[in-house]
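Structures given as structure tokens follow.
Two complexes are shown next, each including subunit A; its partner changes from subunit B in the first to subunit C in the second.
Entry: the complex of A and B
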């Protein structure tokens, strides 16, 4: 249990390192070693730390704890075959973390990040569409039922391909250096994370590493099914590398363009659900 | 020094809670969902307290360099 959480944390950090490496190689740079994010997290945890004078002290610290806690909970939901609606709920709580990070610090850059986080609420819409379409096929939102459905009918990746695209977009939206990562864009320094340095940043890196592991693993479980751990990890890695390619060749979109793209994808899936469920039923 | 000591105490207690919850759940003395809740609550505290412990200074800080 705790051993799997620590395993997910280190694999998540390693995935972040591989993500940076792939982006760098695609862009013709050598890039950092793949274990760089593990070193980064350790480095941050050893740094001298304080809470800015302008910050709301409780919120400033609490969001870091919440970030680690919610993604640990999400991992346990996956492992126990729980409801993907709970996963969706945790994803929404992550939005509160994003707001809280930016607003708690009192920094204008952090506040800009938090405001952009509000704008990018559209990134939750594709996940909502995914949940809807999965239910349409499996008549259940329990992961255990979805896995059992796929053992009989084959991977949902084929049957519910638009939902897979929507979830792929959700994972892409939450990756560092993504075209949708407007909340941590460099023109606003580090966005909502600007003032969270030292051990607070180390804590966030821990939470985000577990988040990356959870989202990739959720994609495999929902659209491919239950696989042996090594095969699942390999598949997660392949998905990550494909996402890294997109991040490497796509410029960061403007805040309103991210909303447009995410809303269009959700709209397309809504039409697909209506065609399947109403017209063809 | 006192803060370093309390960070170590919190890290130790929360770490013990995490490990104990996992062990008790594995041998059937604790419901799995209860163990998961305990870990979800204790693990973030463990991470932050551990980092606070090893990043805290050992004693009195150096006099900062103020120029010639």
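Entry: the complex of A and C
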């Protein structure tokens, strides 16, 4: 498990670097090398670190550990074929990390980030719709059952295409530089992460890298099925590059527009579920 | 002795905690929620609040807000009570107990923020209080419909294929929890985060999300 965790961390950081590189190339800039985020994390690990005097010190540190802990647990769920409802739960609990980061420092910029995080609560709704639609088809939320279902009936990407779009939106919502990334917008410095620097930022980079790996891998497992590792990684990379294109050409939305877009997608899927479940049945 | 009837939603049963005929259970799912609630309850106990930095409008000045020790004590008490109610709600094996714990979460959530002397926070807490109060109708109504139609409130019975729970009862339960915790539609809570005391304010969100996650498991499993 620990070796897979390190592997996921390395790939996640590499993906973040590729993400930045693709965005830069689309925008006509050279961009940083793809291993930049790995270097960033190493750099932050050895920088001088302290806790701001105004911070709630225990919480300030604890949220970083929680971020690493929950996404490591999410990786374990994926590997053990556990419940995607629990994965949905962890995704929701990530919201607590975002709140905690912003609220704990006492900084007004962090606070703005935390409040935007509350406003962007709608980013979880598409994932809830995804879980509902997957259950409609498979009658189980265990990942092992969903994979087995796809071996018999083919990829859910075709049967549950709207759910795939919803989860794609979920992954997009949590990516850096995404049109939905209002909590770390530059007009509020770095938003909820403003005061977390040094080893704390390195810890967050670790947690977020595992998160990116988990969400992309979950997408492949839920909608395509079990693939050999190299094929899965290639597919994850393709999904990431498509997301990077969207990030490169889309301006950041205003906080209330993010809620509108995410709620509309969820509403569309809810209608799709009702049509499938009530009218056709 | 006990076998959780549904294991394809929240994973297999780890162990049960009996209180007479009320049997709380820890599946992989509920145990994970319990652990998370426990961590944040512990944080509410041991953490000191942050000193909020405010920037004075129209200049370069900034200042940190003073903390009233009395308010701090009350917020901490309410946050711990909220944490305990959340712990109860996430492992409850009984619909009525679940609804009781959820309504306690709603009351303590208001308590955490209502003592803070700020017009915007108090307005938000008041509005939230009204929503939470209204939500008790569908919340307990849902439990009542479950009892009236099935003759039991035990989740161990309700999870079996032999018992059919009406859709309206499930909808009422979800509506009730959404009103008490307002998750995931807690955009109205944005004003609440103006209040000082991050470890305690965070408990508002923790409890809301956890009871919402639990009710999702309950209604899918029933």
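In this text, the second predicted complex is superposed on the first by the 281 of 281 C-alpha atoms of A that agree within 3 Å, B and C clash if a C-alpha of one lies under 4 Å from a C-alpha of the other, contacts with A are read in each partner's own complex, and residues count from 1 in each chain.
What we mean here is this: a residue touches a chain if its C-beta (ideal position, glycine included) is under 8 Å from a C-beta of that chain, and two chains touch if they have at least 3 such contacts.
Bear in mind that the values here come from a model prediction, so they are computed numbers and not experimental data.
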Exercise for the section: Name the contact category of A:83: first (subunit B only), second (subunit C only), both, or neither. Expected result: second
Exercise for the section: Would you sort A:64 into first (subunit B), second (subunit C), both or neither based on which partner it touches? Expected result: first
Exercise for the section: Examine A:73 and indicate which partner it touches, taking first as subunit B and second as subunit C; both and neither are also allowed. Expected result: both
Practice task
Using the touch definition from the top, say if A:125 reaches subunit B (first), subunit C (second), both or neither.
Solution key: second
Practice task
Look at A:151 in the shared chain and tell me whether it touches subunit B only, subunit C only, both, or neither; answer first, second, both or neither.
Solution key: neither
Fill in the blank from the handout: Per residue count on subunit A, the busier partner among subunit B and subunit C is C
Practice task
Classify the contacts of A:27 with the two partner chains as first (subunit B alone), second (subunit C alone), both, or neither.
Solution key: neither
Completion exercise
Interface residues of subunit A shared by subunit B and subunit C, listed 66, 73
Problem - subunit A-facing residues of subunit C, complex - result: 8-11, 28-29, 32-33, 36, 39-40, 43, 46-55, 64, 183-187, 189-190, 193, 198-199, 201-202, 205-206, 209, 212-213, 216-217, 220
Practice task
Mind listing the subunit A positions that touch subunit C in their complex?
Solution key: 53-60, 62, 66, 70, 73, 82-83, 85-86, 88-89, 92-93, 95-96, 99-100, 103-108, 111, 114-115, 118-119, 121-122, 124-125, 128, 131, 135, 139-142, 145, 259
Practice task
In the complex, go through subunit B and note every residue touching subunit A.
Solution key: 18-19, 21-22, 25-26, 32-33, 35-36, 39-41, 43-45, 47-48, 50-52, 54-55, 57
Exercise for the section: Flag every residue of subunit A that touches subunit B in the complex, lowest number first. Expected result: 1-3, 5, 45-49, 61, 64-69, 72-73, 76, 80, 198-199, 202-203, 206-207
